[in-house]
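In the two assemblies presented below, subunit A is common to both, partnered first by subunit B and then by subunit C.
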Partner chain A sequence: MKALMSLGALIGVAGLLLLAGMIFNVIPSSTVRLVEGYMPMQMLFELTCFVAGFAGLSYMMSAMGMPLSRFWQGIGFWAFILLYLKYRVYPPIPFSVRAMYGTVSLVAVFMWVSASEEDWKKFKQPIMNVLDAQTGMNKLLRYMYLVLLPILIGGFSYNAMMPKSEEPIELRTVHPAPPASTKVHGKTYTLQTSQNPYRVNPEGKYDQDFTNANIVEQGMGRLMKPNANPWDDKNQGYLKYVREGGEIFFQNCHFCHGDNLNGRGLHAFAFNPIPANFTDPGTIAQLQETFIFWRVSKGGIGLPNEGFPWASVMPPWEQHLTVDEIWKVILFEYWHTGYYPRTWD
Partner chain B sequence: MMDSITQKAGIIAAAAFGVVLVSSAGYSIVSAQGLPEGFKKGDLAPEPSAEMIEAGKRVYFTKCVWCHGVDGAGDGPGADRLWPRPRNFNQGTFKIRHTASGELPLFDAKKPVPGQNDLFETVTHGLPGSAMPPWEGILTEEQRLQVLSFVTTQLVKDRKFTDKQTETQTVLQLAELKAKPATDESKKRGSELVVEKKCVECHGMEGRGDGNAFNLKDDWGFSIQPADWHKCWNFRGSRQDPYNVGNIFRTFSTGVNGTPMPSFADNTTVDERWDIANFVNSLCERDALGNPLPIDPLTDKPKINFVIPSDMVEGEIPTDIGHEAWQKAPKRYVAMGGQITHKPRNFVNRIDDIWVRSLYNDKSIVYLLEWDDRTKSVAEGKLPWAPTQVNIDVKEQDPKTGEEGSIAAHQNNYTVYNDAIAIETAVKWKELPAPIKPRYLFGTNDQFPVDIVKWEADGSLRAFKGTGWDKDFEERDNYEESMKLLKGEWKDGRWYVMIQRPLGNKKDQDYDEDTFFEVGQYIPTVFFAWDGHNGDAGRKMAVSAFFYTFMNPPIPRETYIYPAVIAVGVVLLEGWVLTRRANKKKGKTL
Partner chain C sequence: MAPLTGKRVFSIMALCMMVGLLLLPIVIALPSPAIGEEAPAGDTAKKDGDKVEKGRDVYYKTEGIVVGAPAPKTTDGPKDYPRYNFESRVLIWFANQQHLYYGSFVLAVPIFCMIIEFMGVVTKDKALAKRYDQLAYDFIKISLTAYSLTAILGGILIFTFLTLYPAFFGYLSSIFRPVMHIYALMFVAESGTLYIYYYGWDKMKEGFLKWIHLSMSVVLNIIGTLLMFLANSWIGFMMSPAGVDEQGRYLGNIWHVIHTALWNPLNLHRILGNMAFGGGVVAAYAAYKFLAAKTDEDRAHYDWMGYIAMALGVAFLIPLPFAGYWLMREVYAYRQQMGITLMGGLLAWLFIIQATMIGILFLSSNYYLWQAMGRMRGAEKYQRYIKYLVFLLICGFLVFITPHTMVMTPAELKAMGGQQHPVLGNFGVMSAKNGGINVMITTTVLSFIWYMRGNKVSTVSWAKFGNIFMGVFFACAYINIIWLAIYGYYIPANVRVGLSVPQVATTLSCLFFMFALNSVMMRGAKQMGPIEWGKISVRSQYALIMLATAFTWMMALMGYIRSSVRLFWHVNEIMRDNSPWAYTHTVGFAANMISFNVLFFWISILFVFWMGSLSAKKVPVEAKAGIPGGVPQPAPAAGR
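On to the complex of A and B.
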C-alpha cells in the first residue's frame, strides 16, 4: 500500500513540476504533443494519472505528518485544472471554452468536498476560523479580507463597465444542410444518388472498398501505401486520377487549404473563419462526397441563408474548374487525408 | 535601476568595441586559420543509410512532389503559380545555413540538433513568406530526416554532400558567440553600418526592401525582392522565432545562397555584425510599448484583432501623423490575402498586410492606412477600362506554363497600373440581423449593398456602390463633396494614405447608399489593396477578411458611480455576515 502510494506521490510531484516548467516556459508545451483526433482521450488519461498522483501525494504528506487540509486540497486541485488547461493543452484552447471547463470542474470540486457532512465541515473549517478570528493571524486575515474584497469587486465591476471594443461573438454554422440537388455547368446532380465517377476499381466500376484500400495510411505523416504511388507512370484508373486531382489542388486550393490540407496555406492567415482543415476528423471525414461537391462548386457565395455569417471566402469553383476536375480534387482530398467519404446509408 | 545597469553595460560594450576597432585597424578580419571571425572548420556528415533514403522517397512522393517536382527541379504542378518558386534542389543551393557563403548547408541524418542541422530546421519550421509550411507536427522527426536523406542524395545532382574533394564546411559558431545587448549605442552603430556596408542600397533607406527593387535576380534568373526588415515574421530564416536577433546575425554572416544577398563575414567583425543585427531587429514592427507583437502559433504571423477602434477627438482631425492624437490611436494589423475567388485571381499578392488607425469627431471619421509597397506605381496614360468596371480583361495565370510563363518570370514585367486601396463598409448594416454580415466580397444584392471608397495613386478618391460579387460597381454621384483625401504619400517603400468620410446623417446623406457610422456599434469593414507593379487591377488585388470599425464611446459617468455603489454594498454584506456569525456563536455558548 505504502509503495503504491509513494509511486502515486512521485507521479503527482512529477506532474506538478512538468506543469510548472510549462508555465514558466522552460519546457515547451509542445514537448509531449497531444495527438490530433485523440486529444480528449489523452487529456482525460493524463488527468486521471494526476488524480491518482495527488491522492498518493496527500496520503504521503499526512503519513509524514504534514497533512494538507481539505480546503487547500480543493482549491489546489481546481487551480491545477485551470493551469493545466491554459498551459498544457496545445494548440491553445480559447478562453470561453476554458471558462466552461473551469466552471464544470469547480462544481465537481464542490461536490467532492461536500460529499458527506463531515467532509463539508472540514472544508468550511478554515473559512469559519477566519470569520471567528480567534488567533492573531486570523484576525489579520479577516481585516485584509474586509478591505480587499470591496476594492477587488469594485475594481472588477469598473473594468467590466468600461466600454470595450472586443470582437463580438459570432455563431457559425459549420456544415449547413445541403440542398437536395445542385446544378453545375448546366447539369443537375442529385446529392443522394450522385457518385464520384473517378472512385473506380481497375474494371472501371464505382468501388469504395477498392479505393479505400489505396489511400494513405492513418497515423503521423499519413504516408502513401508503399506500392500505391500516384506518381508511378504505369498507373491507370484510381491512382492516376488521384494524381490529376492533386495537380489541380496544388494549382488552385493549397493557397488556402495548405500543402498538408490542414487549412494553413499561404493566404490562410488573412481569413476569418480560417480555411477548413481536411485532416481534422470533423470536416470531410464526416461528410458525403456529394456534399463536398456542392460546397466546392458553389463556394461561400452559394451558402444557404442559414449558413451565416457568410464570411466564407471559398470561391464557387464551378467558375474555374470543370465538373471532372472538381470530382478529381475531391478524390485527392480523401486520398491525401486517409479518410473514407461518408455514405448515405 | 535596471536602466542604469543596461546603460553601464552599453558603455562598457561600447568601450570594448572601441578597443577592438583600434586593435583591428589595418588588419583584415580573419582569424589565424584564415577563416572569417566566428567560424570554425567542420566535418562533412556521413552518408545517410540506404533505408533512410528509401523511406524518404515515400515521404517525398506523398508530401513534397506536388511543388518540388519528380526530379526535385522545383517544377511540380504547383510551381508556376508561386513566387518565390519552390526550390530547385538539383544545384544544391540552399538559402538558410550556418555554413560559409557558397557552401552546402549542414545536414546530418542522425543529428536533428538545432543549430547543427540547417535543412532539418528548414523542414521543421518552414520558410515564412513562401509557400513552404512548417512540417513539425505533420511529419515525425524521423520522417523529416528520411525525406532530407532522399533529397540530399538523390535530388541534389550537381554536388555531393559527402565528397571531401569538392565540399568544405566552415561553420558559424552561433551558439558560442554571445549576443551583444541591444543597447541604443549598439543600434545606433548598426544604423550607421547598414549605410556604410551598403545594405540600404537594396533594403532601402528605411529597410522596407524598396532599394533596387527591379533589378535583382536569383541564380535561376527570377526576380527577387530584398527582405522588408519591418516584417521579421516573413524572414525566411526566422525559424518561427521572428524577434530572435540570432537569426539576423546568422543570415548576415552566411549570406543567402542563390540570391544577391552576400555574406558579410569577411568584411565585418563579429561585434559589428551584432550591432547591425540589433538595429535590423529593432526595426521589426512592435506594439505601442515597444514589445514584440504577439505571434499566432497557428499562422506564425502577428495575432489579428478584428476590431478597428476609432478614438474621438474634439474639433478638426489632425492630418499630421506625428500628432499626439494619431500617436495615441491604437494601430491594427490587417492581414491581406490574395483574391482568389473571382477571375482574374491574384495568386501572389505583394501586399500582405496594412496598418490601420482611425479617429473621429462629431462630423467625420478618418482612416489612416499605412502599408509597405516596394514600388510606387502610377499608371501611364489612360486605363483601358472604366473605374467602375470590376469584370476587367486582365489575364489570369495559367495553371501550367513552365518556367518561362510562370508568375515568378512575370515579376516586374507586368503592365503597371495604379497602386490603390479601398475601404468597404456595409450599407444599412443595422438591418442585417446580427451576426449576419453582407456577403463577401462586394455586397449581397441591391437591397443590401456595400459602400466602397477607393483611393488610387493618381490621387483620385472615388466612392462606389457594390451590389453583388459578380456585378460591376455603380459610381456614386456625390462623393466629391463628402469625401476628402487628407494624405496620399509614398516614402521609402511605404504608402501613407488618410481618408476622411462623413459619419452620415439622414439630412445630408442617402441612407440607402451611404454607410452611417454610429458610436459604440460594430460596422463591418473590409480592406482591398492593389500593387500596380504586380499588375493588380479590377479584382486582381489583395483582400482582408471582415473587420469591424468600432467608434469608442466617451466613458459614461455610470462607469465611475456603479462600482463605488457595489463596493459599499459589499462592505454592508460583510458587516451582516460577521454580525450573524457572532450572534450565532453567542447563541450557542449561552
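On to the complex of A and C.
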C-alpha cells in the first residue's frame, strides 16, 4: 500500500511540476503533447493520474508528519483544476465552458470535503477560526476579509456591468433543422428517405455495406484500405464516384474546407466562423447524407429561420453544380474523413 | 367472525364497484372505435353511395372514410386567438404546467402508497409493518388535498384553452370526441376509488380485508395510469399526428389517433418521470419537516420518511434516462428534423441545461446516500473511498454536460480555430454522453450498495470471494461502458445507436445482479450497530430539497422543450399556429418562466402540506397513542 501511495505521490509531484512549468512558460506546453485522435481520453486519463497522485501525496505528507489540512487540500485541488483547464488543454477552452467545469469542480470539492461529518469539521475549522478570531492573526484576517470581500465583489460587478467593445456572444446553431423535403433542379427529395444514388457496388447496385467497407481507416493517418484506392482507373462503382467527387471537391470546395477537409482552407480564416470541419465527429458524422445534400444545395442563404444567426457564407451550390455532382462530392467527403453517414435501420 | 363478515361483504362490494368503475369507460368506449373504419364504413357507403370521400392516414398510410372537418386555417384575430392584454401562450403555459405538476404528483403518490402498503403487508416485523402502513397513509393524505387542487387546475386549464385558443381546442376536441367522455368518466372513477381507498383505511387494516384494501390501490393506480395515457394521447397527436389525413380530417379510427408514433415512449417516460418527481416532492416534504422538527422522535420519523421517498424516487430515476433515450430515438425515427431541432439545433442548449439538471439529480442522490452512511456505525470504512466515487461521478457529469456548440465570443472562436473544440468537442456527441450517464448511474448503484452494507459485515463463508467478485464486476462494467463510448466514434451511426443497448445492459446488470448478490451476502450479516434514524446531517436534507427542486425544474424544462419542438405548429404539419406567439422564446425567457412555475408550485404545495397538517391536528391524541412498535408520529403542524 505504501509503495503504491509513494508511486502516486511521485506522479502527483511530477505532474504538478510539469503544470507549473507550463504556466510559467519554463516548459513548452507541447512537452507532453495531446495526441490527435486520443485527446479526450488523454485528458481524462491525465486527470485520473493527478487524482491518484494527489491521494498519494496527501498520504505521504501525513506519514511524514506534515499533514495538509482538508481546507487547503480542497482549495488546492480546485485551483489545480482551474489551472489545468486554462493552461494544459489547447486550443484555449472558451470561458463559458471553463466556468461550467469550474463550477462543477467546486461542487465536487464540496461533496468530497463534506461527505463525512469529520471531514466537514476539518474543512470548516480554518473558516471558523477566522470567524471566531481568538488569535491576533485570525482577528487581522477577519478584518482583511471584511474589507477585501466587498471590494472583490464590487470589482466583479463593475467588470460585469462595464460596457465592452468586443463582439457579442452568439449562440450559433450548428445543425439547423432541415425541411422534410427539398427541391433541387426541379426535383423534390424527401430527406428522411432519399439515398445517395452513387453509393453503389461495382455492379451498380445500392450497397451501404460495400461502401462502408471501402472508406479510409480512421485514426491518425486516415490511410486508404488495401485495394480501395479511388485513383486506380480500374475501379468501378463507389470508388470511381469517390474519385469524381474528389475532383469536384478540389475544384470547388477545398479553398474553404481545406485539402484535409478540416475547415482550414486557403480562404477559411477570412470567415467568422471558419468553415465546417468535416473531420470533427460532430459534423457530417452525425448527419444523414440527405442533410448534407440539402445544406450544400441551398447554402447559407437557404438556412431556415431557426438557423439564426445564419452564420454561413456557403454559396447555394445548386446554382453551380448538378445534382449528380453534389451527391458525388458528398460521397467523397465521407470517404475521405472515414465517417459513415447516419442511417436509420 | 360475525362482525367481520359484514365488513368483508362491504369490502368486496367496494372492490367490485371499483373494478366496475374501471371497466365502465371501456364498455362505453366499445362502440366508439367502430365509428369509422370498419362497420360504419359500409353503412355510410350505402347511404351516400359514391359521395363517400376517402382520405389517407398521414402516419399509418391506411385509407379511411373522412368523418371530420379539416383542421381550421386560423388567422391572427379575435375569432381564432382572442386575448387579454398579455401573451396568451404564457398564460396557457402557466396553467398547463401547474396542472401537470399536480397531476403527476397525485398519480405518483398512490403508486408509492401501493408499494409501501404492500411492503407493510408482507413484512414480518409487526412494528415495521405498522410504520410502513402509517407512512402509506401519510402519503395518501397529502395526495388527497393535492387531488382537489389538480381538479381545479384542470378546470382552469380547459377554461384558458377555451378562452384563448378556441379554434385549436375545438379542433382537438373534435378529433378526440369518441374518447372525451371516457376521459371524464375516468376522473369520476379515479375520485370514487381514491375516496373509498382513503376512508376505508382504518376499516380494512387487518387480515383478508387488508388485501382487499391493497387490491383497491391496484385498481386506483390502473385507473390513474389509463387517465394519464389518455392525456398523453393529446400531446402525442400534437407532436406526431395520426388517424387524420393531410388536411387534418378525422378518418374514423380513434385508435390510430391515440396510438401515434410517440405515444408509447411518452407514456413510459411520463410514468417513470412522475414517480421520480413524486418521490422527490415527498422527500422534500420530509426534509422540511425534519429541519423543522423539535423532538428526536420526529426527526427519526421524517429522516426515515425522506429516505424511503428518496429511495423510491431514485429507483425510478435510474431507468428514466433510458426511457428518454427511447423517446428521442422514436422522435428521430418519426421526423429527423424534429430530432435535430431538439438535440443539435434550436433547442440544443436547453438539452445542455437538462443534462445539467440530470447530473444534479444524481449528484444529490449520491451525496444523500453518503451522508446517510453517517448515521450507521461501521460505515466509516467506506467513507475514505468516497472521493473516488466523487471523481467518477464528476467525470461522467462533465462529459455529459459538455456542449457540442460552445458559447463563445468571436475572439474565442478565432483562438479556438473553429466551431468545435478538438478536445472537448468529442464529449459533445451522443457516444460520449451515453458513456457519461452510464458511469453516473453505475456509480449511484455502487453508492447504494455501500449504503446497504454500511453497518453490516457479511457472515457467509464465501464473503471474501463475493466481495472480490463484486469489485471485479463493477470494474469490468466501468471498462465496458467507457470502451463502448470510445468505440462508438469508429462505427456507423446506426450501429452506434445500437451500442447504447450493451451499455444500458451493463448498467442494469450492475443494478440487478449486484443488488441480488449483495442481498444474499448480507442475509444474516453481523450488525456493527443500528441505523440511528434522525442522526443524519442537515446537509443531507438540503440535498433532498435540491433533488426535489431539480426534478421540478427539469420537468418544466422538458415539457417546454417537448412542446417547443413543434415550432410554429399547433398540430405538427397539420394545423399551423398563426398567433403572434408562434416563435420560439429565448433561452433566458424560457428559463425565467420555468423558474416562475417552479416557485409557484413549491409555494402552493407548501400550502397543501400546511392544509394536510391542519387535519393531522384534529386527530385525537388517543387514537394515535399506543401503536405497537412505537410508530413515530407526524409532527403536529408545519405552521406552529
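What we mean here is this: the second predicted complex is superposed on the first by the 309 of 345 C-alpha atoms of A that agree within 3 Å, B and C clash if a C-alpha of one lies under 4 Å from a C-alpha of the other, contacts with A are read in each partner's own complex, and residues count from 1 in each chain.
Convention: a contact is a pair of C-beta atoms (placed from the backbone, for glycine too) under 8 Å apart; a residue touches a chain by one contact, two chains touch by 3 or more.
The shown structure was predicted, so the numbers you read here are calculated from the model rather than taken from an experiment.
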item	value
Touching partner for A:S116 - first (subunit B), second (subunit C), both, neither	second
First, second, both or neither for A:G299, with subunit B first and subunit C second	first
Touching partner for A:P92 - first (subunit B), second (subunit C), both, neither	both
A:A63 touches, of subunit B and subunit C: first, second, both or neither?	neither
Touching partner for A:L7 - first (subunit B), second (subunit C), both, neither	neither
Which superposed partner A:A213 touches (first subunit B, second subunit C, both, neither)	neither
Which of subunit B and subunit C A:P315 touches, first, second, both or neither	first
Touching partner for A:N260 - first (subunit B), second (subunit C), both, neither	first
Subunit B versus subunit C as contact partner of A:T283, first or second or both or neither	second
Touching both subunit B and subunit C, residues of subunit A	91-92, 166-171, 264, 269, 272, 274
Parts of subunit A lying in touch with subunit B, wherever the complex brings them together	30, 33, 91-92, 128, 131-132, 145-146, 149-151, 153-155, 157-158, 161-163, 165-171, 216, 220-224, 226, 229-231, 246-252, 254-256, 258-260, 262, 264-272, 274, 299-301, 308-316, 319-320, 336
Residue numbers on subunit C that touch subunit A, as the complex places them	332-333, 335-338, 340-341, 344-346, 348-349, 359, 363, 366-367, 370-371, 373-374, 380, 383, 386-388, 390-391, 393-395, 397-399, 401-432, 486, 489-494, 537, 539, 567, 573, 584, 587
Complex contacts: residues of subunit B adjacent to subunit A	58-59, 61-63, 65-67, 70, 76-78, 80-81, 130-133, 135, 137-140, 143, 296-301, 304-307, 309, 335-338, 340-343, 345, 347, 349, 352, 399-400, 434-441, 469, 520, 522, 543-546, 548, 550, 552-553, 555-556, 558-560, 562-564, 566-568, 570-571, 574, 577-578, 581, 585
Contacting residues of subunit A [partner subunit C, same complex]	34, 36, 39-41, 43-44, 47-48, 51, 55, 89, 91-97, 100-101, 104-105, 107-108, 111-112, 114-117, 119-120, 166-180, 191-192, 212, 218, 263-264, 269, 272-274, 276-277, 280-283, 285-286, 288, 291, 306-307, 340-345
